[in-house]
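Chain nomenclature is as follows: A, B, C and D, assigned in order of appearance, with residue numbering initiated at 1 for each chain independently.
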């Protein structure tokens, strides 16, 4: 034994990054659409991180002299009613929209995911209570519930995030519950019991990591809906505070200009919204295909 | 079968109670002061107080809740302040409008998405698979109100193909006699083809708007479940028995693949009812969704409560139907009941 | 239909001709496109099948035996393709026939039965209709008379009350019954060739026998040719005229059945032969010549003491019956529930002992309660009634939930049935082995420390797992390697009692041979006791001192391995033993 | 193929198919005729109550009340910029054929052939019951009556079947005008009493859903939130018989769709569109757009003067110089408003309201004033607005926010849903906000009494308190009642000057009422209530 003291450290860390890259390469080359989705995600992340530094105009600066101008060399996406540069606003809005999506999903993952796993893993009363909560939430028309929550708590970004998280709770809880229930009597879980792991420990160290990939798919899909949901809330006047640039609110405001011919005001934020939702959906589909053992031949 | 229905309803009761409580609390937390709103533009504090008393809003919350529940148990959903009519009556007249639109959207979406999903699964990895994914995802990527406005702009304003977005019927038609509340059915029952056409024409664009939104979840689940079924062993048996691809795909694979699709339909329907709220606003559709939104914005509790309760009951009923449908398709589910 | 104007029709007509070639495969190579590039699943396979002949294709997993048969039927999935070679069936060029032609052949001229019969049937279609579909497809019946024909066929596969069963769904039938339906499906159109792909795997031994006998009888009566694909040499020996042994996509040996068992030529064949458990051998005999492990010295080295380590008395486990009204519901409706309807006894008052250093086998068919018993003894679930005493301490009363922290926990460990499923896919082999050490081995503080690594490597060496595999994840390991990881994990805490739950059921025979020997060796080194749960009496006999035979939650027979196997007292035990096919030795 | 062709051909096909149904052709001559006598109005929202006396009747509800009920008197029209505009100083009979103003009372003689829509004659008893009702039901109607010193049922005396006298409790110049507003409408008392209950002695539940008047139109169908259908009452005696037989009022929530409906000729008239659309539609040859300034109405920026920093008049003046007036006019109002700023420094204060201030955007001056006030680096505050009018308010606040940022005032914009707006205003805690106030009665002292008086009414949203201001307002009211023109003029000038100098609220502009209609629709009249009067409209 003493002869190979370096063995453990040698073993560790071998092939981690390379294997991941290789896997990613396989995934992308296997399905070009998923590759496209990853590329789109990259674009979004770059826009979210560097957006405010790279935009050509101040997204909040009005210029009533150049209001409602169609796309041109100066204003790539045109200007809105107050003469603000739509391109800059669209880019800067990426951060907020992604933040809404990411935080709401993180929140619902933490709440719904854990509740669902516990329900599936422990069964019994835990399962019944979580099930009832889900049923109750599901019995609401979800968008109206979100509206109600935002209307009741006030229309701030935080509340939009909370509302979005609440309406997605059943989705997460159910997926997590189903996956946990499958694994609850799995050999490796039993084995972990034998080695003296407590139930909660098993839940966190054995079940959760195995459910993560499936939850990732769910998260990716919900991110898209979270953005759409925020947009819907904006349409009925429950969106973020002006003059903050946010895609949904820009589309909603621009929508009234479609008939009068200023199509660019709604179109570009709409396309960005579509771009992001599209990206998350494709990504989710792609991840599902990767995660789903059915796909592994 | 009866036992199944019974036990389903029994499990639904706690959810319904939950819905009633949550809705009640939520509407009371709404920031608007209903009394002030309805006292009119120049009300004095006394006038507001008078209205508050009139509306019973000065009572403590538990008392209000008891009042609400006891009224509810008598089937009284209260009166909407903003429209001035009994909520039960309004929901009864508006629900068919929403249901007709949502069902049309759902059926239309199914007609497109299911074959699309099957094709995508059968030709997995082919251009049709990618096209299915791209098209349906694009449909769900746009906010539904935006799609609606674009379609109105295109088909009504620009092209003039669609009738004016003025609700369920052109102004110069009168509604058919109410039997089901569904204009399409009622007009046929009345033998009035003119009205049927007019109602159908009004439905086309909003239906399309909703359907575009519903394509993705249906196509996605159809594809996934077809893939799953196609890779199962009994399909191999069927193929090894020399059955034609048509039989294999439709009789063997598709019926099995329908099971998850049917289960998902409940969620898609609920999802569409949410989207409906926005679509109704765009198309001036006299449905229950636009009613609820207006009520919510004006802090008008009774309609919000009534709406949510109606939706919850609808949801329970829908799930019951889905369970029954599941039982019809899957003998295993029947025997468990 | 065929569009081929060669001797096809002549051969079809010459059904009486006993030695006409029905199927001929020449230099068949099949390739699969996978993420690691092109993989050759089958390479240069040649085979010939005469009319009325039964050919056995024997091989372990990955040998290409199934792929060969699927290729003959042309039902490979999308990723696979015939790279080379020719297949001629009744003179038809299968490799180049159109899909339409193949469809006409499948089910009518050649058909197939599969393992896992329940999954092979459409779960939501009445079995009668499924058979009817095939008849209609091949114009063997018309819609008006299809039902009668189906019932006729059901009669032929000896399904009782066929009119009633016509309307049954697969889930309403037992596994054996489902396999009869699959056979009916395959034979409905009276094909010339039947390919049976592991037709008995997953069935209980007694059912296995009945199914195989039915197949043999029907094919013989109809003068059909059969290809029997199996991993089980015993099965092939019992039912085949010719046996072809495959390894890694290649044919290593083809010979008449008797000859191949008497005088295997190829080393691989010999290895397989030896590894197959059969009466009258000892554990060491399973290993290839010259590799006789510890167990070569057949007698257990560690003397069994008389001190009972584990004592189980009157153990009962009840479950609410599926679909029975819950008591709450009953209270609701006011209807009394008959306890017999509502409750199902999985374990019905069994008692036994495991002495220190002893290996006890718990044998029975699926559903006999053996796994429930072992899980209760393992203290993963609570018994309904009964006493479990471990080393003098009553552990039956400690709830399963809190047993995780009980000091006795570390003294009872388990090796699971499915090595894949019992390893957390996200843990490396080293992490899996280290888990008990971290949790109960007092090494938690040294997490990641050298002592822990040393201990893990030591365990790996003990179970014969190369140290460089320790960083791999389960999906990167072979079945045997995963089994070793599972064993290393079980012995990490030096337990007194290890419960082996069918530890080799999912393994190929050659791997099974090695693992069984390893277990025996470990037992002797570490002085553990084993409770060995298995359906296979031959395997149990090799490893165990005593055997307990269970049926329907009760013990039917108990005794030393020799007594039970050689002179079974109970009729059921006799039936079990008789049903096990084994190569003629 | 346009829609009409589509529908015609559809019906043709149906007929050709020999459908057993005797389906009438959609655009038969009779229908086309009907279309000419039918008016299709589209608007965002509709009435919640057909009776202005009801609890919480909304503004669209006033339109129903106006067209379905008659009052004793009304205003004749005059022409302002080519548009008929009510003449606030003149009255004519509607139900009354004669009005006799005495010193402390006024007597009306009813038209003798006037009947309610159910055919029963209109009597003085009905008038008294109706007026009693308006001063008794509480809420808005009672409040409005009070504004004209009409407070007690005893004031309304039935002289005989066709004569009613209204006694004054004090001299008030607003009493007569107040009898011509929407509230004192005459209701079919017998019909309503039949439908009244003990809990609801005034029959409000009945009139909420049914019209029971003698007016030119009656509501024949009302689907709340969807449509209201009015039919003409052919026996109307209040004026010349209207040309339009049927009015269909549809609610179309999407502004874009309302514009589309107008542009495609499917809707006849709409008065609520974004300013930009009105501005653009003016150049549409198929449409006729009429813009009239709100009478006695101003959109303003209000500041809570009870708390820092807005308790400092210097800060408020700085704000007055920091507002981007012209930008708002251009980008928010698209020129469709009358500027209430930038009067020339030499101009004299007029005896009129509203009138422009002398403020102009001057950021340097604003910054200087701010420094003088002790806020050289500005401060932070919140701008609130009513989401119900987001179309104007939101861009306005954004422009204001941006402009304020340049003098160091950092602001957060707070959108308040329409339902909460009044509550929030009533709390008088909003530091900075924008709002519109417009009085039905077009008198400066009326406006100032509600908006600036120390009695701190709901509409004194700034909680402005000034003894000098109160003196001016009270003086003007007394002078008006007493007919003392000189004193009145002085007082009005005084209060305007003080309001502008003290600047608790900054007038921005006088909004326009914009109405878009098809070219073939004529007869639009501007009324103080700014809703449509169907009675004068005609088509074709």
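Note that a residue touches a chain if its C-beta (ideal position, glycine included) is under 8 Å from a C-beta of that chain, and two chains touch if they have at least 3 such contacts.
Protein identities per chain, from UniProt: A, B = ABC transporter permease; C = ABC transporter ATP-binding protein; D = ABC transporter substrate-binding protein.
Keep in mind it's a predicted model, so treat the numbers as computed, not measured.
Colleague: Any idea whether A-B or A-D has more C-beta pairs in contact?
Modeller: Pair with the higher count of C-beta contacts: A-B.
Colleague: Looking at CA centres, what chain is most distant from subunit B?
Modeller: The chain farthest from subunit B, judged by C-alpha centres, is C.
Colleague: Express in whole angstrom the distance between the two chain centres, defined as the mean CA positions of subunit A and subunit B.
Modeller: 25
Colleague: Please compute the C-alpha centroid of subunit A, do the same for subunit D, then give the distance between them in whole Å.
Modeller: Averaging C-alpha atoms per chain gives centres 46 Å apart.
Colleague: Just give me the whole-number Å value for how far the CA centre of subunit B lies from that of subunit D.
Modeller: Roughly 38 Å, centre to centre.
Colleague: Quick check: how many Å separate the C-alpha centres of subunit C and subunit D?
Modeller: Chain centroid spacing, subunit C to subunit D, equals 85 Å.
Colleague: Listing for subunit A: what residues touch at least two other chains?
Modeller: Those would be 151, 237, 255, 258-259.
Colleague: Would you give the residues of subunit C that are in contact with at least 2 other chains, written as numbers and ranges?
Modeller: 77, in rising order.
Colleague: Which subunit D residues touch at least two other chains?
Modeller: Touching at least two other chains: 254, 256-257, 260, 263, 417.
Colleague: Which residues, counting only subunit A, touch subunit C once they are in their complex?
Modeller: Within the complex, subunit A touches subunit C at residues 1-2, 4-5, 7-8, 11-12, 14-15, 26, 30, 186-188, 190-199, 206, 209-210, 297.
Colleague: What residues on subunit D touch subunit A, complex-wise?
Modeller: 254-257, 259-260, 263, 274, 276-277, 280, 327, 330-332, 387, 390-391, 394-395, 397-399, 401-402, 412-415, 417
Colleague: For the complex, give me every residue of subunit B touching subunit D.
Modeller: Within the complex, subunit B touches subunit D at residues 30-34, 36-45, 47-48, 50-51, 54, 80-85, 90, 93, 149, 152-153, 156-157, 160-167, 170-172, 191-194, 197-198, 201, 281-284, 286, 290-291, 294, 297-299.
Colleague: Going by the contact rule at the top, pick out the subunit C residues touching subunit B in the complex.
Modeller: Subunit C reaches subunit B through residues 73, 75, 77-78, 102-108, 111-112, 114, 116, 119-125, 133-134, 137-138, 169, 171-172, 182, 185-186, 322-323, 329, 332.
Colleague: Over in the complex, which subunit D residues touch subunit B? Could you list them?
Modeller: Residues 1-3, 6-7, 10-11, 14, 19-21, 23-24, 26, 31, 34-35, 38, 40, 42, 45, 48-49, 54-58, 138-140, 142-144, 208-209, 223-227, 248, 250-254, 256-257, 260-261, 263-264, 266-267, 417-420, 422-423, 426, 450, 458-459 of subunit D touch subunit B in their complex.
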